[in-house]
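The data blocks that follow each hold one structure.
Here chain A shows up in two complexes: once beside chain B, once beside chain C.
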Partner chain A sequence: MSPREPLQVGRPEIRYDAAAKAAGTEPYAADLYPENLLWAGVVRAGVASGRLRSVETEAALAVPGVVRVLTAADVPGPNRHGIIHRDTPVLVDGRVRHAGDAVALVIAETHAALRQAIGRVRAEIEPLPAVFDPEAALGEDAPLVHEERPGNILLAAEIRKGAADQALAGCEVVVEGEFSTPMQAHIFLETENGVARLEGDGTVSMTVSSQSPFRDRFEVGAALDIPYDRIRIVAPSLGGGFGGKDGATVQCLLALAALHAGGRPVKMHWQREESMAAGYKRHPCRTRYRLGADRDGTLRALYCSLLYDTGAYAHLGGEVMELGMEHAGGPYRIPHVLIEGRCVYTNNPVAGAMRAFGVCQVAFAMESMLDQLAQRLGMDPLELRLRNTLVDGDVNCAGLPLTTSTGMVGCLEMLRDHPLWRERQAWKDGAPPHARRGVGLAAVFNAAGYGGKVRDAAIAKVELNPDGRIAIHNAVADMGQGNACGFVQMAGSILGQDADQLELRQPDTATAYPSGSASAGRTTYTFGNALIKACEELRQRLINRAGLLLFLDDDCDLRLVPGKVIHPPTDREVPLSRLAAFMPREDRVCISQFVAPVCRQVPDTATGFFIGFPHVIFAYGAHLARIEVDLRTGLIRIDDYVAATDGGAVLNPCLFDQQIQGGVAQGIGYALMEEVERREGCIQSESLATYLIPTAVDVPDILSCRLSGNEATGPFGLKGVGEVAMNGPLPAVANAVADACGIRLRRAPFTPERVLLALEEQA
Partner chain B sequence: MSAVLTPARLDEALRLLAENPAALAMAGATDLLVRRRGAIPGHEPVLLSLAHVAELQGITEEAAFLAIGAATPFSRIIADPLVHRYAPLLVQAAQTIGGPAIRNMATLGGNICTASPAGDSLPPLYLLDARIELASPAGERALPIAAFILGPGRTALEQGELVTRILLPKAPRFPRERFIKTGRRKALAISVTSFAGRARLDQDGRIAEIRMAWGSVGPTVVRLPALETELVGAPVHAATVERVGLAVHQGVAPISDLRASAGYRRLVAANLATQFVEALGG
Partner chain C sequence: MKVRFELNEAPMEIDVAPDRRVVDLLREDLRLTGTKEGCGTGECGACTILVNGQTRLSCLMVAAQLDGARVTTVEGLAATTAGATIQRAFVEEGAVQCGFCIPGMEMAALALLRQGDAPGRECIREGLSGNLCRCTGYTKIVDAVERAGRDLHAGREEQ
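So, the complex of A and B:
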C-alpha cells in the first residue's frame, strides 16, 4: 500500500465529490422523497397585471387526494419576501404584477392530484394596464407597477468622475453606440425544489436547493412571521445555481405549506416550465455609450447610460445595476467618466442575481466601443487595450484607487503572445467559400465580494469527529462550482490529511454558522479565509493534545500526517481516533471568522447608491474568439476560444479551468442564442425546446490560461473566478463578427437571423 | 398515467387499435410524450407502442425497392449499408435529427406521421419518391409521401390504420445529393429551414435533371416543379443561379414563429438552393 499523502493546495486534486456525483449517489434536495409526503404546488396568475378579485377553490378541493388549497388569507405575517426590499407576496393578496405571481398553493397526496387540482383553481383577476418595455415604463403616462414607486424607478444612480461632458466635447475622436442584451435564464439542471416539515417543537425544517441557506431563514421568517430560530435550512449540493437560487424561490411557499400539513413532509419541485415562468432571470439591459480618446488612443472620457429591467419586483435589481455601473467603464484608466443608471419595474418576470450580476451587460457595450475606437484609429485592438489598461495603483472608472492585485496587463500579454492571435490573418484567409472568418477580443473584469456597507463575512467550523475524521462544516452552498472541494483541499493541506480523513458537511443552519450566500465571487474567498484560521487552530490544538498524551515537554517536533499525529524523534504516534476519544466535544471543535476587506476611503463619485459600493478586489480576464460566419444562413460557429484569467494564486487548476470553461460556455449561449421570449409578459420560450442553450457541439474547446498571481488578502492568495469568464464571450464574438464581416452587432443574442439581416443590410 | 399497450405483432397491433379507437400510436415517442407533458392528469389517452412490433422493424431489400420498417429508429437507418447504397440523401438528413439519444429512439414512421413542416426526413423522402405502406384490418394500401402528408400534423392515415413500411424505389443515383439543415444551434434543434437537392449534369455540363425540396417554409414540404423543368438544359452559371434564387424566394411560403421570421426563412431557402446549384459547376 502506498503511503497516504496529504492534500495540497495548488495541485489538481480530484474533487472529493467526484465519485459520488459520477455514480449518482450524491444526495440533492430533488432526490428526497420522505415517507408519508405531501405534494405542494402553485397556481400562477397567468396574466401580467391585474387585481385579484377572488380565488375559487371548491372544484380543486373536490379532487380526490387534495388536502388544502391555501390563499393569501392563510398566510401568517406580512406575506412579503425579498432580500433587501420585502415587496414580493408569497401569495398575491391584491395586485398581480407578473404572470408568474403565485395566487394559491395546493397541497395534495399525489403529484397527479396536485396537477389536476391546480388546473381547477379559478382565480378571478381583473386586468389592469401593464408595461413591458423598460423605456415605456419611464414614461409619464406609464402604468405604475408599484403605486408607491413613481416613474417605476427602483433605483436611479450616477457615477461621476471628472467632467465627462466637457472632456468628450474636446476629444479628438469619439465613438458611440447603443446596445441591448437579452433576458437570460439560468437553466440549472435541478430546478427549484425542496422538502419542508413542521417539527413537533414548532420548528419549520427544510431541505432546499438554495445558494443562501442562512439568509433564507430571514426571508421566510419575515414573510411568515416565524422567529428565525424556529427555521432550520439544510442546503445539500445543488444541481446548478448560477445566482438563480440566491433568494427565496420555493422556500416561503414550502414553509407555508408545512404550516398547514399537520407535521407531514411537503415536497415542491418546479417543472422546467414553472421555473421559466416564476424563477429569477438575468436583467435585460439597454445601454448608450460615448467614448472619447486622443488620436494616439489614450482614453479621455466616457459617458454612458444604462437601463436595467428588473421586472415586477426589486429582488437584487438595484444592486445588479450598481455593479454594472461600477464596471461600465471596463478595466481601463479613463479620467473623465459619467455613468447614469436606472433600474425600472415592469410587468415582466422578475430579474435577479445571475453569474456576472449586471456586469456582462456593460462588458458587451464597453468592449464593442474599444473595437470601434481601434477601427477608427486604425490601431491594433489589443495594443489599444494595453495602452489604457488599469495597473496597480491606478484609479478605476468608479474612482477607486486599486490597492489589490491587478493582472489585466498580464492577461492581455498572454493573448498577444498566443499563436491564435499572432497567426490570425493566415487563418482568416483560409475561410471557405460562403463563409467569413474573424478574430475578436475582450478585456473584462469582475468584482468579488458584496461591496461596501454589506458586511461580507464567514464563520468556519471544523471538528474532530469521534472516529478520528475531521469534519468541515461548510456554510456556503456548493452549487457545483466546487468550493466545498476547495475547502477539503485547504483543510487537508493545513491539517496534513488526505481526503479519506476529511468529511465535508454541506450547509445546515442548525450546525454551521452564518457565512453569507454562495455568490459574488466571494464563496471560496471569504469562507476559505475563515476556514484557514479554524484549521490552523485545530492543528495547533491536535498537536498540543497529542503532546499531552505522549508526555512531551513541548509541541515542537510533533507533526500531523494522514490519520495521526507523529513524533519522529521518538518514532511514536497518536492516531486521530485516539485523540478524539481523549478530547471532550467542545475541545474538538474550532470556529473562526473572517470579514472581507472594504474600501476605507470611499470615493465621492457615486450618488444614489444604496449599498454595495465600492468593491476592492477584482478578477481580470482577456478573451479571444475565432469564429466563422456562414453567409448563407448567418450562423456563427465558434472555432476556438482562449481565456486568460487573473484569479490570483490557483488553489486547484482543474477546478479553476472548469469555472472558466463553464463561464465561457454560458457566455457563448448569451452571445449566440439564449433569450427568454415574452409576449405580454408571458414567457413563450418556456421549455428547453424553445429556450436554447449551447450543446456540446456548439461550444469549442476552451483553452484556459492561468496568470500566475497572488492576491495578498486571499486564502492561499486566490481570488474568486466564478463570474469573470461570463463577461468575455458576448463582446469577443461581437468583435469577431465585425472583424469577419464588417458588421457591428449591437443587439444580443446574435441569432442566425439577426446576423443574416445585418449582412443583407450591409450588402 | 397512461396505459401503454405493447403488441409484438402487426395483427395484434391492428386488433388493439380497433378495440381502442382513441389510442395514440407511438414508437420512439420522442415527440408525442413531450407534447403530452403539460396535459392535465385524468384525461390520459391509451398509448399503443409499436416499438416491439416485429414487422415494423428493420430494412429489407426487395426487387424494385428498399423497405424501411416504420418503427426503425434513425440510428439504425444511419448505420445500415442498404440505406447508404440506395438512399444516401436520407442518411444525410437522418444524421441531423436531434442528438444521438433522440436518434436511438425516434423512428422514420414517427417523423412521417408527426407531419411537422420541419420534419427532417421529409424533404429527402419527397425527392426519393417514397411510398408509405399502410395496413388496417381491411387490408393494405400505399400512398406517395406527398399524398400521405396533408398539412401540419395532418396525414391520410385513417382510423384503425397504421404505417407499416416506407418504400423507396430503386433508381439510378444522382451524382450530386445534398441535405442541409439550418437551425438555431448545431444539434438538438428544430429546423428553421432545410433543403434537399439531387442533380445530374449532361456531358456539356448543363443540368440534365434536378430535384429540390424545402422543409419549414410551408405547411408541408415545398417543391417547385416548374423550376425543376425550367432548369433542364440550363448551364451552371451566374444567371441560372440568380434565376433559382429568385424563383425560390417567390415560391416558398414560410410563416414567422418563435424560431425565425418568414423573411429569414425565405432568404435562407433561396441561399441554400443557389449554393447547391452553384456547387454543381465546381
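So, the complex of A and C:
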C-alpha cells in the first residue's frame, strides 16, 4: 500500500464531494422525505397589480387530505421579509405587486391533494394600474408600486470623478451607444425547496436549499416574529444557486407552514414553473454610454446612464445597481467619469442576486464601446485595451486607488499571444460562402466581497472528532462551486491530512458560526482566511498535546501526517484517535475569525450609495470568442472560446476551471438565447421548453487560462473567481458579430431573428 | 396495482397507483433519491433512467409502464463495469460541480457508450444534448465521457 499523501493546495485534488454526487448519494434538501410529512404549496396572485379583497378557502379545504389553508391573517409578526428592505409580504395582506406574489399557503397530506387544493383557492383581486416598463415607471403619472416610493425609485446614485461633461466636449473622438440586456433566470436544476418542522421546544428547524442559512434566520425571524435562537437552518449541498437562493425563497413560507402543522415535517418544493414565476431573476438593464478618447486611443472621459428594473420588491436591487455602477467604466484608467444609476420598481417579477450581480449588464455596454472606439480609430482592439488597462496603483473609474493584485494586463497578454488570436485572419478567411466569421474580445473584472459599510466576515470551526478524524464546520453554503472542497484541501494541507481523515460538515446554524452568504466572490476567500487560522491553531494544539503524550520536552520535531502525529527522531507516533481520547471536547475544537479588508479612505466620488461601496479586491478576465454567423438563418455558432483569468494564486486548477467554464456557458446563454419573456408582468417562458439555456451542443470546448498571480490578502493568495467569467461572453460575442458582419448588436440576447433583422437593416 | 419489474438487477414488486409518476415512485416510495427531478416536463434530463437499456425520462413515465421492464437507475451503476467506469471518469475529470444533473448525465452516457466504439466529442455532445447542466459548461463532462469511452473500449480490446 502506498503511503498516505496529505492534500496540498495548488494541486488538482479531486473534489471530496464528487464520488457521492456521481453515485447519487449526496443528500440535497430535495431528497428529504421524512416520515409522516405534509406538503405545503403556494397560491400565487396571477395578476401583476391589484388589491387582495378576499381569499375563498372553503372549496380547497373540502379537498380530501387538505390540512390547512393559511392566509395573511394566520401570519404572526410583521409579515414582511427582505434582506436590506423588509418589504416583501410572506402572504399578501393588501396590495398585490407582481404576479408571483403569494396570497395563500396550502398544507396537505399528499402532493396530489395539494395541487388540487391550490387550484381551488379563489383569491379576489381588484385590479390596479400597473407599470412594466422601467422608463415608464419613472414618469410623473406612473402608478406607484409602493405608495411610499415616489417616482418608483428604489435607489438613484451617482459616481462623479473629474469633469466628464467638459472633458467629453473636448475629446478628439467620441463614440456612443444604447444597450439593453434581458431578464435572465438562474435555472439551477434543483428548484427552491426545503423541509421544516416545529420541534417540541418551539424551535423551527429547517433543511433548505439556501445560499444564506445564517441570514435566513433573520429574514424568517423578522417576518414571523420568531426569536433567532428558535430558528435552526441546515443547508446541505445545493443543486445550483447562482445567486437565486441568496435570500428567502421558501424559508418564510415553510416556517409559517411548520407553525401550523402540529409538529409534523412539512415539505415545499417549487415546480419549475413556480420557480420561474416566483423565484428571483437577473435585473434587466438599459444603458446609455458616451466614451471619449484622444486620437492615440487614450481614454479621456466616460458618461453613462444605467437603468435597472428591480421588479416589485427591493431584494438586493440597490446593491446590484451599485455594483454595476462601480464596474461601469470597465477595467480602465479614465480620468473623467460620470455614472448615473437608477434602480426602479415595476410590477415585473422580483430581480435579485445573480452571478455577476449587476456587472454583466455594464460589461456588455463598455466592451462594445471599446470596440466601437477601436474601429473608429482604426486600432487593434486588443492594443487599445492594453493601452488603457488598469495596473497596480492606478485609480479605477469609481475613484478607488488599486492596492490589491491587478492582473488585467497579464490576462490580455495571454490572449495576445494565443494562436486563436494571432491566427484569426486565416480562420476568418476560411468561412463557408453562406457564413461570416468573426473574433471578439472582452476585458472584464468583478469585485469580491460585500464592499464598504458591510461587515464581510467569517468564523471557522474545526474539531478533532473522537474517532481521530478532523471535522470542518463549513458555514458558507456550497451551491456547487466547490468552496467546501477548497476548505477540505486547505485544511488537509495545513493539518497534513488526506481526504479520508477529514470530514466536511455543511452549514448548520446550530453547530457552525455565522459566516455570511455564499455570494459576492467572497465565499472561499473570507471563510478560507478564517479556516486557515483555525487550522493553524489546531495544528499547534495537536502537536503540543502529542508532545505531552510522548513526554517530549520540545515540540519542534513533531509532525502531523495523515492519521497521526509522528516524531521521526525517536520513530514514535500518536494516532489522532488516541490523541482525541486524551483531549476533552473543548480542547479538540478550534474557532477563528476573519474580517475582510475594506477601503479606509473611501473616495468622495459616489453619492446616493447606501452600502457596499467601494470594493478593494477584483478578479480580472480577458475573453476571446471565435464565432460564425449563418447569413441564411441568423444563427450564431461559437466555435472557440478562451477565458484568461486573474484569480490570484490557484488553490485547485480543476475547481478554478470549473468556475470559469461554467460562468462562460451561462454567459453564452445570456448572449445567445436567454430571456424571460413577460406579458403584463406574467412570465410567458415558464418552462425549459420556452426558456432555453445552452445544451452540450450550444457551447464549444471552453479553454480556461490561469494567470498565476498572488493576492496578498487572500487565503493561499487566491481571489474568488465565481463571477468574473459571466461578464465576458456577451460583449465578446457582440464584438465578434461586429467583426464578422459589420453589425453592432445592442440588444441581448442575439437571437437569430435579431441577427437577421440587423443584417437586413445593414443591407 | 401490483407492478413487477427488475430494478438494478433485483426483482421488484410494488403496490402502487398505476398513474404514479416513476420519478415519484423511485424517489419517494423506494427512497432511491439519486434520480433527480429538475423540471417535471421532460426538458432537463435530470430524471433520466434506463428502461430496457434505453434512456427514459422518469418524470414522464407512469408506474404501469414499468411492468415487466428492466430498470437501471444511478444506484445500479456502480455494479456494472461500464457504469463504474463512467462514474470514475466523472469524478476524476472534474465533471461534477453541484452534481444535480450528474445521475441523469451518467445514464445518458451509459446509453451512448453501449452503442459501441469510443465516441468522439461531437458525438458525445449530441448524445448528452437532452441533459441540461447549468454549472460546468459541459467541457469537463465531455472530457469524462470521452475518457470513459476510451477506457471501456480499451477494456473490450483486452478481452
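Everything below uses one rule, namely that the second predicted complex is superposed on the first by the 763 of 763 C-alpha atoms of A that agree within 3 Å, B and C clash if a C-alpha of one lies under 4 Å from a C-alpha of the other, contacts with A are read in each partner's own complex, and residues count from 1 in each chain.
Here, a residue touches a chain if its C-beta (ideal position, glycine included) is under 8 Å from a C-beta of that chain, and two chains touch if they have at least 3 such contacts.
Since we're looking at a predicted model, the values are computed, not measured.
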Partner chain(s) touched by A:P752 [first = chain B, second = chain C, both, neither]: first
Which superposed partner A:P12 touches (first chain B, second chain C, both, neither): second
Partner chain(s) touched by A:A689 [first = chain B, second = chain C, both, neither]: both
Partner chain in contact with A:G608 - chain B first, chain C second, else both or neither: neither
Touched partner set for A:M673, first chain B, second chain C, both or neither: first
Partner chain in contact with A:V697 - chain B first, chain C second, else both or neither: both
First, second, both or neither for A:Q661, with chain B first and chain C second: second
Chain B versus chain C as contact partner of A:E190, first or second or both or neither: second
Of chain B and chain C, the chain that contacts the larger number of chain A residues: C
Touching partner for A:K21 - first (chain B), second (chain C), both, neither: second
Overlap of the chain B and chain C footprints on chain A, listed as residue numbers: 689, 694-697
Chain C contact footprint on chain A (complex, rising order): 12, 14-15, 17-19, 21-28, 30-31, 33, 111, 186-191, 237-242, 271-272, 479-482, 654-655, 657-658, 661-666, 687-689, 693-697, 699, 701-702
Of chain C, residues touching chain A in the complex: 24, 27-28, 31-41, 43-44, 46, 73-75, 77-78, 87, 90-92, 94, 96-103, 106, 121, 124-126, 128-142
Touching residues on chain A, where the partner in the complex is chain B: 112-113, 115-116, 119, 273, 434, 631-635, 637, 672-673, 677, 684-685, 689-690, 692, 694-698, 751-753, 756-757, 760
Complex contacts: residues of chain B adjacent to chain A: 1, 34, 38, 40-42, 99, 182, 184-190, 192-193, 258-261, 263-264, 267-268, 271-272, 275
